[in-house]
Amino acid sequence: MTQRTITYAEAVREAIGQAMEADDRVFMLGEDIGVYGGAFGVSGDLYHRFGPERIRDTPISELGIVGAAVGAALAGMRPIVEIQFSDFTNQAMDQIVNQAAKIHFMLGGAANVPMVLRAPLGSGTGAAAQHSQSLEAWFAHVPGLKVVMPATAEDAKGLLLAAIDDPNPVIVLEHKLLYRTSGPVSEEAFRTPLGVSAVRREGADLTIVATGVMVSRALEAAETLTQQGIDVSVIDPRTLTPLDMNPILDDVSRTGRALLVQEAPGHVGFTAELAARIAESPTLYRLLAPIRRVSGLDIPIPYAPQLERSAVPQVEGIVHAAEQLMKESF
Amino acid sequence: MARLAIRMPKMSMTMTEGEMGPWLVDEGAHIESGDVVCEVMTDKVDMEVESTVSGVLVEIVAREGMVAVGEPIAWVEGEDDGGGFGDLLTGAPEPVSTPEPESNLAPADAQTDSMAPTPGEATARTLITPAVPRARALAAEHNLSLDSVTGSGPDGRVLMGDVESRLAPTLPPVDAPSATAAKPDRRAAIRKIVARTLEPAALIPQFTVWRELHLDQANTTRGRRSWTGVILRAYSAALKEVPELLTRWTEDGPVPCGPPAIALAVATDRGLLVPVFVEPDATDPDTFDAELRAVVAAAQRGKVGPDYLGIANASLSNMGGLGVDRFQALITPPQASILALGSITERPVAVPGGVGLALTVHAGLTVDHRAGDGVHAAQLLESLKKALDPSTNPLT
Amino acid sequence: MTDSPFASAESAKHALRTMWKTRRFEEAVDDLFARGLMHGTMHLSIGQEASATGACMALRDDDAITSTHRGHGHCIGKGADLVRMMAELLAKETGYCRGRGGSMHIADVDTGNLGANGIVAGGIPIAAGAALAFQLRGEDRVVACFFGDGATNEGAFHEAANLAAIWKLPVIFICENNKYGMSFSTEKAFAIEHIAQRAAGYGFPGVTVDGNAVGEVYDAVAEAVARARSGEGPTLVEAVTYRWKGHSKSDKNLYRSKDEIAQWRSKDPIGRFEHDVEQRGLLTADEIAQVRSEALEAVRSAVLEANSAPDADPADLLDAVFAKA
């Protein structure tokens, strides 16, 4: 497979374009995705390639358009609905949680809702509290929704193509700060399977598990830690539901130390689930020190840049936490 | 015309019975479907009951008290318009069974211990020895490497008992204050440790072989060196002559377990510590004696250095200082033998032509019968005797 | 079936049979629940049979509907199997949803019933989406979207109505106005006289009809269906009707008077239709009686057959959350 370097946003666009070329049932609806090219530039020239029916601009009606995606999926299409900021999924929660997630189950398996909801998440752009949230734990907590957080350009494409193929509703959360980052991406229409964690780096002393933009911060922290003689693994679950714990448990069984990192506020976050799963497994007996988490503060994201920065984990915070964990033992 | 029931209706999702209130119509009255006929007090609130049938109210069945949902409260003579659908479900009403929901099955985290760490391998990515966190902490506290502890939990998991018995495997102390000096709750803990360590011994087929050893000659050559050191070295030399007893019993049979490594129990304020002496006979007697004294002194202060934390394959137990003539010690698993000594004292012995006195000790050697037989035990004692006799063992 | 209830004896029988089956089904549910033989709660449409029957008669088999928590009549009108419906309510494995959905989530995808919905107005955007799918694929199928007066005050109604208007989606919005959103009367909930007036706000036609006149309902919906099928977009049909029973099984009817209930009962839509078809000579009294007993028998045997099925099985609950690829 030929790889070349493109941005995360371009990778998402490429996935949508390739999916739409291959399957007439695929179409996208969202706000400002047409001539405007998408609020984060993701849809780009798709409108010119596929036209206004299949790259369908909508009024500001999140509940309506997510519901329309549910209905279209029920009626045999494969819709992608882009919600401009993941914070706005709140306007559409009934259709996501009460309808899309539950229809297959409530109907005893008689119908599917094969839709994808894509939305940018996360902080770091000064967009303040209502435009900067990381709500992945909410979606992961609802049975019936699959949830992915691609952290690389390649995964942004591969996971999205797999999500479009999936007969279930899939929530794809793209971190805003990743859109302009670049990475190697294969040209072909490849699928990265949902429910498979990725070991980004293998180390001997400590295992870091991170999602979204925290993956690259963890990798940066790993470089700094290497210079201090601390050799860390970095594992990216990529899919929150269904969750692949095996590589994580295996790695922690070899390092004995688990450091779980998330941008979202710590209270009741995704890393709490990771910690519980580690502690409930036989890996508990291979721990050399307590499980530790690095999370965002339990506050809404503030506006001022230095405040915004301090509200979520940064590279130095991850380094510091790893150093501390290396000094800990039971 | 038919006899139609007015029944206690279920008026909320949670209601299972209602308490009869006043009747608003009487027997003999003409009623229409939809007419309010009585009141009922439910789990939530007072409700009016409407008749579901039309006709003449011929009998009021319940005027007061509790009535279960679905039971008749009155009978009406009227036209059956087919509304009695519940009657179709004959016999006891089919309770809508609420099946047990599936228990929240945790995902199968297959974590098989296919790669147990090989001692000596330096690769940092091997699986960590599994241990209960408290056990891990306890071992670390005593500078005990978990690799030297046999884990008896699932997948070789090291449990508290494994670490505790590794720290205190045998019974009585040697030349040391008795454990009764410890506080009562500590005493209970010590008893529990001992119990946990030795209960497995009850399942091991073991036997004891006795010999009275003469120590006069050894006495003259030892000078000021302690008997403990002399006997440790002799025991070690003797074990080398009986390799059957330098094994560890496993499911697959006896496994050779290296040179003699003899455990010696030392009583401390905090319980028994058991330094292990590897091949003491490889060191000259004076050096070993000094080493022994230093280790025992350190142990009495609660410290055992890493060189003495190896896995023992034999034990020495000495009750001589307490006036005991002879005793029979129990095997400490997974060791193959244990040597129990009574007091070293002058005893009457047979001499050519009569009875004389000699310095003797009654030695009881208990052997794990799975590892060795009587002949092996006898041979060990014979070797021990020779090792203690300077005329046969110039190094004594 | 796409003929008007008054077009022929056959269609008259169909209309009458459907309304009686609905009435009897609801009475059976009512009775079984009252006797503690049925679990959960039920929202009965007794008194509203004409609007569901009349509307569904104007649809093709390959058209779709979305329904509400008070949806048994819509399901039956769209051709659902009484046994499978009853089995669902009795929490049996053979129910439409294998006992997992209950009354408010009955769907019959094969007959185009995209599902009842437990969320007020939940089905409205879904209906718009299904209509969008038909439009994108160039099919001339339409979606009939049933909802009540209360739903028209939910945001979902407005968003979906607007989307249907701007995209000219082939959807018929059918508002069964039974004068109450649970306990809140339409007099208090609206500052307008007719809900159909709202359509003008989005730019498509709205019409108010007597929801208890099955012929009138049919006519209005048939016209809206024709519009939708020819690509002219949505219509709002307001069918004014009344429910005899409380909102749900916990409703004590404290918010309306007995007189009001009695008055509407006297305008029973089924009785009215029977009178009309007899007057017009479409059906004889005997034929009417025959249809009544057929309907009663169908429901009675559905109860028996449904009840004899095995209870819903919890064995594969965890596997039932996600569809397999």
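Remarks
Order of writing sets the chain letters: A, B and C. Residues in each chain are counted from 1.
Rule of thumb we're sticking to: contacts are C-beta pairs under 8 Å (C-beta built on N, C-alpha and C of every residue); 3 or more make two chains touch, one makes a residue touch a chain.
Since the model is a prediction, treat every value here as computed from it, not as a measurement.
Chain A has the C-alpha centroid lying closest to the overall centroid of all protein C-alpha atoms shown.
In this structure, the chain pairs B-C and A-C differ in their number of contacting C-beta pairs, and the larger number is found at A-C. For the pair chain A and chain B, the distance between C-alpha centroids works out to 45 Å. Put simply, the C-alpha centre of chain B and that of chain C have 66 angstrom between them.
Chain A and chain C, compared by their mean Cα positions, are separated by 40 Å.
None of the residues of chain B touches two or more other chains. Residue ranges on chain C touching chain B, taken from their complex, read 24, 27-28, 31-41, 90-91, 249-250, 252, 262, 265, 296, 299-300, 303-304, 307, 311-315, 317-318. The touching residues of chain B, counted against chain C in their complex, run 7, 9-13, 16, 34, 45, 47-48, 52, 68-70, 82-86, 88-89, 93-94, 96-102, 105. The residues of chain A lying in touch with chain C in their complex are 27, 53-54, 58-59, 61, 63-77, 79, 94-95, 98-99, 103-112, 114, 143-144, 146, 165-168, 242.
Of all residues in chain C, those touching chain A in their complex are 64, 66, 95-101, 105, 107-109, 114-115, 117-119, 122, 124-134, 136-137, 143, 155-156, 158-160, 162-163, 166, 320-325. Looking at the complex, you find that chain A touches chain B at residues 202, 204-205, 231, 245-246, 249-250, 253-256, 277, 280-288, 329-330.
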